[in-house]
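Encoded as structure tokens, the structure appears first; notes follow it.
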Amino acid sequence: MRVQTADFEVGAEIAALTAGRSDIGAVVTFTGRMRADNAGQLVAGMTLEHYPGMTESELERVEAEAQARWPLQASLIVHRVGALKPGDNIVLVVTASRHRQAAFSAAEFLMDYLKTKAPFWKKEIGADGRAAWVDARPSDDEAAGRWRRPPAREG
Amino acid sequence: MRVQTADFEVGAEIAALTAGRSDIGAVVTFTGRMRADNAGQLVAGMTLEHYPGMTESELERVEAEAQARWPLQASLIVHRVGALKPGDNIVLVVTASRHRQAAFSAAEFLMDYLKTKAPFWKKEIGADGRAAWVDARPSDDEAAGRWRRPPAREG
Amino acid sequence: MRVKLLYFAWVREKTGKAEEHVDLPAGIKTVAELIAWLQQQGPEYAEAFRRSEVIRAAIDRTHAPPGASIAGASEIAFFPPVTGG
Amino acid sequence: MRVKLLYFAWVREKTGKAEEHVDLPAGIKTVAELIAWLQQQGPEYAEAFRRSEVIRAAIDRTHAPPGASIAGASEIAFFPPVTGG
């Protein structure tokens, strides 16, 4: 788990997690990127604020929860903070397991939980120069809510 | 879609798909790797055979099916053939969309369909030097079968 | 009870400060009671905590619902619903 | 009817060949009938197509069930269930 202003490289992160490992059959990565539009508005840039200390403990918590739910060989969360522009990477989740279903499910779980639990806040700067805090999406709460039920299918 | 004996680099493939794009909010990758054990047996190596011509048309078909089901900005399948050893990459799937759920669902769909439709066959060489064709897994048919029902959740 | 308060995102912008140390009067036992008290600490606080139903809180870096006890807390944070990822 | 037959994986190993061109007798109309005919073309074919229930087929590079018509086919392939990915 890392919180950083610097960009990340997906290939390098996979290589670091899987180097010398022949017990990993499946690696899933999710990369969240900044789009040039959101909710129908053009966006010129973004600032990501977070709560140092709590962010790290929440990310560690969701990673531990994923490790407890699925048989993961490795996992990683990297989240950027600070000033970002369209096309920039925002967040990376990597999961590694023996089989693909655990890796897919854990990656989705990490993203859903991260989105509703980790203390990050996005402030977007519109094409007109006006800045506005991004509203939380109810669909993110729903996505996180589905993990409260037992998973329909694992393996 | 590519079928090749050479290895692939996940980071380079993501970069090629997303270069200059600011309409992509989510990129999911799945990398299938060869494990040193399968079904409780140690495995020293593997040969991947395929049906040239049909492989490409089946992979194009499943990619087109994914594009029809989910709003994807980009997708890619790379599958290796020939001799592989534990730790080697076997298959790469990349999906890119505006939102994460479409990218996750499409990547899972591509893997499930590829596993039951694309004409590849694995022959494993055990630690004792004996070679044996890998049996198809009923769980792969079940995984592919779930896509015949309408998706429970998209967005 | 002396406690460190932290504000993030638009709560920070509206209160005009990122953090402060405050001496809480006796009788404030929960997050909700602390928000009600903060609403009375001046117009900037009244504005920041006006939509109290959308304000989230964390006690010592752990998410805390409105009814959570603040007894023994050393750091209490207030912020809008999170929007990371 | 002259047709190109392809064999893959253990079907290829058991027939001893990757492909061949054959002249089919009239009356063979489906994949299942072609498999039944192949089973009679010698011991290696009998062995390769013994477990006909696990053999999969493709007509002109498209998956085809046992009842599929082979009329007009130029390339018919036989193989075990696929195991890629």
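Letters are used for the chains, namely A, B, C and D, taken in the order the chains are written, and counting of residues starts over at 1 for each.
We adopt the following convention: contacts are C-beta pairs under 8 Å (C-beta built on N, C-alpha and C of every residue); 3 or more make two chains touch, one makes a residue touch a chain.
In this text the structure is predicted, and so the values were computed from the model without any measurement.
Novice: So which chains count as neighbours of both chain A and chain C?
Specialist: In this structure, no chain contacts chain C and also chain A.
Novice: In angstrom, rounded to a whole number, how far apart do the mean CA points of chain A and chain B lie?
Specialist: 22
Novice: Please report how many Å separate the Cα centroid of chain B from that of chain D, as a whole number.
Specialist: The mean C-alpha positions of chain B and chain D differ by 27 Å.
Novice: Quick one: chain B and chain C, Cα centre-to-centre, how many Å?
Specialist: Each chain reduced to its C-alpha mean, chain B and chain C end up 48 Å apart.
Novice: Could you list the positions in chain D whose residues touch two or more of the other chains?
Specialist: As it turns out, chain D has no residue touching two or more other chains.
Novice: For chain B, what residues touch not just one other chain but two or more?
Specialist: Within chain B, residues 32, 111 contact more than one other chain.
Novice: Output every touching chain pair, sorted by label.
Specialist: Pairs flagged as touching, ordered by label: A-B, A-C, B-D.
Novice: Where on chain B does chain D make contact in their complex?
Specialist: The touching residues are 32, 48-51, 53-54, 57-58, 79, 90-91, 111, 114-123, 133-136, 140.
Novice: State the interface residues of chain B toward chain A in the complex, per the touch definition above.
Specialist: 9-12, 14, 18, 20-37, 86-87, 98, 100-101, 103-104, 107-108, 111, 139, 143, 146, 153, 155
Novice: Which part of chain D faces chain B closely enough to touch in the complex?
Specialist: Residues 6, 8-10, 58, 61-63, 77, 79-85.
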